[in-house]
Each structure stands twice: as C-alpha cells, then as structure tokens.
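Next come two complexes built around chain A: one with chain B, the other with chain C.
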Partner chain A sequence: MTATIFILLAALAVLGAVLAVLLPNAVHAAMALIVMLVATAGIYLLLSAPFVAVIQIAVYAGAIMVLFLFVIMLMNVELRIPLRRWTLVAGTVAGGLFLYQTVHLLRGVMDDQARSGADGFGSAHEVSSVLFAEYVVPFELVSVLLLVAIVAAVVLGKREAA
Partner chain B sequence: MQQHRTGPAWGQEEKLIPLSHTILLSAVLFAVGTVGFLVRRSAVMMLVCVEIMLNAANIAFIAFARHHLSMAGHIWVFVVITVAAGEAAIGLALIVALARERGTIQVDELRSLKG
Partner chain C sequence: MQLLAERIATWLGMEGLPRQAVVAGVVLVVALVVATVVLTIAGILTWAERRVAGRTQSRVGPNRVGPLGFLQWVADGIKLITKEDVIPAAADRTLFRLAPYPVIVGIFAAFASVPFGQKLIAADLNVGVLYLMAITSLVVVGVLMAGWASNNKWALLGGVRSAAQIVSYEVPSVLAALSVVLLAGTLSLQGIIGKQGGWPWEWYLFYNPFTFVAFFLFFTSAVAEGNRTPFDLPEAESELVAGYNVEYSGMRFAGFFLGEFANVYLLSAIATALFFGGWQIPGVTPDMQAASPVWQAVGVGLFALKAGTGAFVVLWLRWTMPRLRVDQLMGLCYRYLLPLSFAMLLGNAAYVWLVPQWAAWVVQGATTTVGLAVAGVFVRRVFYHIRHVGDDVSLDLARGESGTFDPQLQVRVYGAFRRRHAGDSAS
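Then we have the complex of A and B:
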C-alpha cells in the first residue's frame, strides 16, 4: 500500500516537473510546478516528515508560487518564448548523461536496510527541539539571510526617482 | 523527555520505502530541472527550473534523514526552503527590473556584456 502511494506520488511529481519544463505558457508551467510541489509534500509524509510536508505546502506551494504567479501575470513582456528544437535535443542528451552518471555513482553505495522509526520522528515537537538547541546558529543566520533578501528585493523593485 | 505524540508516525505502519527509490526520484527530478534550466530561454522559467532542482535536493535530504533516523536532514531542508524563498524574491525583483529596463526577459537577447 505504502509502495503504491509512493509510486503514484513519484509519477505525479515527475510529470509535474516535465510539464513545468515543457509547457510554453509560463502560467501553465507554474501550475504544473505546484502539482510537483504538492506531490513532493505527500512523499515527505510517507518518509515520516509531517512537519516538513506542512512547511512545503505553506511556504513553497503557497508563498513562493504566489510570488511567481504575481510576477508572471503583472509583467507586460512576451512570456511565450518558444523552445528551440536543437536546444531541446542537446539539453535532453546532457540531462540524460547526467542522470545516468548519478545513478551509476550511487548504485551499490546505498543499503536498503530500513530502520523502524522512533515514535514521533519528524513531528513538530522533535523538529523544534533539535532546531532550537543544536542548530540555533544556522537558524539565526537564516533569519539574517531573509532580512538581507527583503532589503535587496525592496531596493531592486523600487522605481528610480527621475 | 515528554512525548507529545503517541502511536507510530506516518509511513511506519507498513513496509518502508527503500532508500534507492527515493534517491532515484530525487536524481530524476534534478535531471529534469537541469534540462529545463539549459533549455528554457525565459528568465522566469529558468528560476522555476532552479526551484525543481532545490526540491530534488530536499527529497534526498528527507530520504537520508529517514534512513539514518537523524533530524539534521529536516533542519537543512528548512534552510534550503528559506534560501529558495530568498532566491525567488531577489531573482524575481531582478527580472522585474530587467523587464522595466530592457523590455525583455529572454536571456538570448541580454548580451551587452558580450565583447
């Protein structure tokens, strides 16, 4: 049962990613990306990471994709840029070689011996107790990064006072 | 330590998903994102493909965290999601500025640095 759900979600995620790459209309591609992000959240649930799954839906599929759609819809430039045939062929060959090499490198390295999880692994309680004890410095650094990103986005988006 | 949850977490009741399956999914998604980044000529779509690649990395983090029963993977996924949010905000602000300045976001036409 778990394996079937995993296969379905994985197929949905790959389909969403391929559509996001291939669809010429930017809005349609963004919608396909949302499908992929929600399928990924389902995979996180199967991998006993429920808190990360909720964050994925709220931040990724919610905030980031809304930002993308706002920019796509508000910009009045030509968004429907067609794919060039030979670029697509060359890109697919390069990506295929990359995938082949990655799989080849990883084969034999991984053991599939699954460990049964401790109770509450991946819950909000577990995540926060690790985040605010062991990883408090990366957490603070990330908040500084967000502040810098806010300032940069405001400065870049501001119209020049002529 | 007080446990707020009792009973097994998600995905523990039945057979667990093999690590190789999730890593294969992560590699496929990363390759699709790479192809998209190389192929698409619109700056917005290139950012979308970067998001696909970041998601593939997140799947690998979560898969290894489950496999080794370590919470560190979850923490780094939060870091990656935050970096992705910052990257999307700054990248889209740059694209908006670019569209205002040049009237195009097609990367083939932006070659004023070319000698």
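Then we have the complex of A and C:
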C-alpha cells in the first residue's frame, strides 16, 4: 500500500516537474510546479514527517507559488520562450550532473539512515527540539540572512519608486 | 496521528478482507460524510445570510420555500446544478474548468481536522493548527487561477486583490493562533481544547489580556482571509462587478460560493476550538464526557452553538460594516494587525515565563470579568436599539397587511434618543 501511494505521488511529482519545464505558458508551468510541490508534500507525509509536509504546502504551494503567480499575472507575461537546442543540451548536462551527484550521495547513506523514522520522528516537537538545540546557530544565521534580504528588497523597492 | 478510519476498521473486525483496503474504504466514506456535512452547513448558511440580511435591512428575505424559507438553499442548489456551465470563448479552458477545485479542496479538506466533538473528528492531526493554515492556502491558487483564466480584467483584478489580501492577512491570523499554541504547548486542536474547560473563565479567550486581544486579531484576519465584508474588495460589486468569479455560472460558480460560506463556518469553528473551549461542557470533565454518549451529544451541540454564533456574527458584520478601501486594507494589516499580533505573541511568551500561578488566577479572573462586562454592555446596547427602533417586519401581502414597519420611525426614535441624552448631559 505504501509503495503504491509512493509510486503514484512520485509519478505525479515527476510529471509536474517535467510539465513545469516544458509547458510554454508561464501560468500553466506555475500550476504544474504547484502539483509537483503538493505531491512532494505527500511523499514527506509517507516518510512520517507531517510537520515538514504541512510546512511544504504552507510555504511553497501557499506562499511562494502565489507570489510567482502574482508576478506572472501582474506583469502579464506573454513571452513564450522557445526551447533552443543549446538550452536543452545545457539543461540536460546540468541536470544529469546533479542527478549523478544525488544518487552518489544517497547510495552512501541508503543502508543505514534512509528509512522512515519512528513515531513522532517528524513531528513539530522533534523538529523544533533539534532545530533550537543542535542547529540553533545555523538557524539564527539563516534568520539574519533572510532579514538582510528583506531589508535589501525594501531598499531596492524604495529606490525604484523615487 | 490516530485516524478515525483505523478505529472504525478495527471496530468492525473485518475478517478475511485485507485491512488496508478496509482502511481505504472507510477513509472514502468518512471523506464523503465530511463533505456532505460541510455542504449542508454551507447551504444552510447561505439561507441564514439572506435572512440576516433581510432583518438587518428591514425587509423580509426568502420566506416562500419551506417554513421561514428554510428550503431556499436546496432550491438554489437545484437551480445552479441545472444551469448551463458557460465557458467564455476567450478563456483558458483547462484552467477555467479546474479553478473551482483548489478552492473546494482547500476548504473541505480543512474540515477533516475540525473537532466537532470529543470523538467527532475525522483526523486529529498532531500538526492540526498548522494543517488548517496550510491547506486553506490552496484557496489562493484557485482564486488566482479563476481570475486569470477568465481572461477578463475585472476577474483578474479581483483575483490579484484576493491573493494579496489572503497572503497578507494569513500572517496576523497565524500569529494570533500561535499565541494559543504557545499556551497549550500543542498544535493538535483536540489537545488545545483539552487544555481549556467548559466555563468561560477556563477558555483561552479570557486566559489573560493578551489572548483576549489575540482573539479579535484572529477573528478580524480570518474574516479578511475569507474575503468577507468589510474586507470583500476582491468581489466589490461597485468596482469589479463580482471579482474573480464574474465569468462563472452554474455549478462551478456554486463551488466558489459554497466555498465562501463553508469558510465562514470554518473560521468560526477554529475560533471556537482555539478560544472558546470547543466541545467542553461547563461542570463536566473530559473523562466524564468520554464515558457518556449523552454528554458527547451535548458537547457536539455546544460546539455547533458556539461556531454557529460565530458564523452569525460574521454574517451580521457583512450587513453592518461599510467596505474598506484598498489602501486602508493593506494599512490595517501591516500597520496595526501585524505589530499587534507580534506584541500579543511576545506578551504571551513573557506571561508564561514570568507570571506565577497565583497571579495567573487573578489575571484570569480579572480578564473574564472585564471581558464578560464588555460583552454584556454590547449585547445590552444591541437589544436596546432593536427594542427602541423596532425590526419587526411583517409584509404579509397575501393578507393585504402592510406590517408595522415605518421608515420614519427610525428617524423619530433616534431624534428622541438624542434629545433625551442631550437633556441628560445638561442636567
């Protein structure tokens, strides 16, 4: 049963990702990306990580994709970028390298770590106790980075308005 | 997370059948039941809205189909199903057809973790509050899809406005809900209700002044997220005809429409669970309630009563408040609600950290007294106005009576009220 659900979700995610690249219309591509993100959230759920799954939907499908759509619709992006041969080749090479690296990395950890955790492994409690105890310095650094990005965005926005 | 489906599957025994197939079947049945309940609630709310609107505007409202016009929503539903599903020639056909589904899925899926009663919940997730916030954000995608795919400038403007509004107001509403999560120490809705009690002073609403303010922040932001008046700019009739759903007709329109009303009940239900003690009965402990089916039923009824009152307030607001302007809308969110909700969150954190138990009791008692007093004064004012202005509309044209409503009465009573109070302040 778990395998069936995984195959369905994975197929949906791959389909969404492929469509997001191939669809000529920007809005359609964004919709395909949303399908991919929601399917990925389902896979997180299968890996007994409900907190990550919910955050995935809230942040990516709910907020980031809405901003994408917002910009696409406000700008009324009509340009249909043709797939040139060199972009296909460059994309294939870059994607292939990334895939090779991912598989290579995963192979090393596959046997001892890559099984779904015990009950409560991916709950909000577990995630936060790791995040705020073990990884508190990187966490705070990322917050500062985001703050800097927000301030920079505000400054840039102001300058354009003046 | 323990699914209701698994419990039912174990309860039925299910000899011979593969257990997972049974679970899948039960999940399907539970989903159908939840969807039916939600549709019924949304339908009844459309009728309630029109009755409330009628009384507020001193007219009758629907009163022909069934007693008090109660079956009007069934009639409307049948009408909408039988209507033609028009797709504009210039529309993006695929997205236009798909657009109602994210809206319906987003709102109906949220009901899966609404605790209607102590045992009446489809799935008590351990990330309950977050799940509600996450899954309802799918609505934005549907709204944007509808606005863009209609290929109509009013629809696009409505969709873009709606998306900006929902994304903005989501922040204060989540932060206000977080205040409660902080106090309860759990994200599960049943866990949050379990930490409260049946009596008003045991509710998180009156826990301390910060939660009291947080409730109003949550309610305001939730109403704005639902695109309800006074925040219904995405469908402002005077500017945008009807907003993102202007090109829709038939059952696809009904999808958006029912989604809106289901959302009204959803926000009241979440507020009930977070701030009003959910299904807790005054004087009955959760253990006593778990043991007795009668108390269970009373709890479910109490939850429905609280959430129904909340929904009524939302309907009432719609017909009482004027609509905000676009710039005022964003200003309200980012200048007032957002800093306030941060302040309430920090206040609650400091409260948990600093205030000892005996002081907490005093604060709780004081907040309850003040809160109930404010509510009492408000209710008294409302009834005072109803009594002195009169809202009794009986236009039974069939019997040739024109009723007691006198448009001049309101002016005269208000004049008398002003004169009496002018006399008060003089003496």
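FYI, the second predicted complex is superposed on the first by the 121 of 162 C-alpha atoms of A that agree within 3 Å, B and C clash if a C-alpha of one lies under 4 Å from a C-alpha of the other, contacts with A are read in each partner's own complex, and residues count from 1 in each chain.
Assume a contact is a pair of C-beta atoms (placed from the backbone, for glycine too) under 8 Å apart; a residue touches a chain by one contact, two chains touch by 3 or more.
For clarity, every value in this text was computed on a predicted model and none was experimentally measured.
Q: Regarding the shared-chain residue A:A63, is it in contact with chain B (first), chain C (second), both, or neither?
A: Both partners.
Q: Identify the partner contact of A:S123: answer first if only chain B is touched, second if only chain C is, both if each is, neither if none is.
A: both
Q: With both structures fitted on chain A, tell me whether chain B or chain C touches more of chain A's residues.
A: Higher number of touched chain A residues: B.
Q: Which of the two partners, first being chain B and second being chain C, lies in contact with A:M31: first, second, both, or neither?
A: second
Q: When the two structures are overlaid on chain A, which partner does A:F51 contact: first (chain B), second (chain C), both, or neither?
A: A:F51 sits against chain B and chain C alike.
Q: With both complexes overlaid on chain A, does A:T92 touch chain B (first), chain C (second), both or neither?
A: Only chain B; A:T92 stays clear of chain C.
Q: Quick one: is A:A133 in contact with chain B, with chain C, with both, or with neither? Answer first, second, both or neither.
A: After superposition on chain A, A:A133 lies in contact with neither partner.
Q: Quick one: is A:M75 in contact with chain B, with chain C, with both, or with neither? Answer first, second, both or neither.
A: After superposing on A, A:M75 lies in contact with chain B but is clear of chain C.
Q: Just to be sure I follow: which residues of chain A are touched by chain B in one complex and then by chain C in the other one?
A: Shared contact residues on chain A: 1, 50-51, 55, 63, 67, 120, 123.
Q: What residues on chain B touch chain A, complex-wise?
A: Residues 1, 3-25, 27-36, 38-42, 44-45, 47-49, 51-52, 55, 58-59, 62-63, 65-69, 71-72, 74-75, 77-79, 81-90, 92-97, 99-100, 103-106 of chain B touch chain A in their complex.
Q: Which part of chain A faces chain B closely enough to touch in the complex?
A: For this pair, the touching residues of chain A are 1-3, 6, 10, 13-14, 17-18, 20-21, 26, 29-30, 33, 36-37, 40, 43-52, 55-56, 59-60, 63-64, 67-68, 71-72, 75, 77-79, 81, 83-84, 87-88, 90-92, 94-96, 98-99, 102-103, 106, 110-112, 114-123, 125-127, 129-131, 135, 138-139, 142, 145-146, 148-150, 152-153, 156-157, 159.
Q: Please give the residue numbers of chain A that touch chain C in the complex, ascending.
A: Listed in rising order, the residues of chain A that touch chain C are 1, 27-28, 31, 34, 50-51, 54-55, 57-58, 61-63, 65-67, 69-70, 73-74, 120, 123-124.
Q: For the complex, which residues does chain C have touching chain A?
A: Counting only chain C, the residues touching chain A are 1, 20, 24, 92, 94-95, 98, 125-127, 130-131, 133-135, 137-138, 140-141, 144-145, 147-148, 156, 159-160, 163-164, 167, 170, 187.
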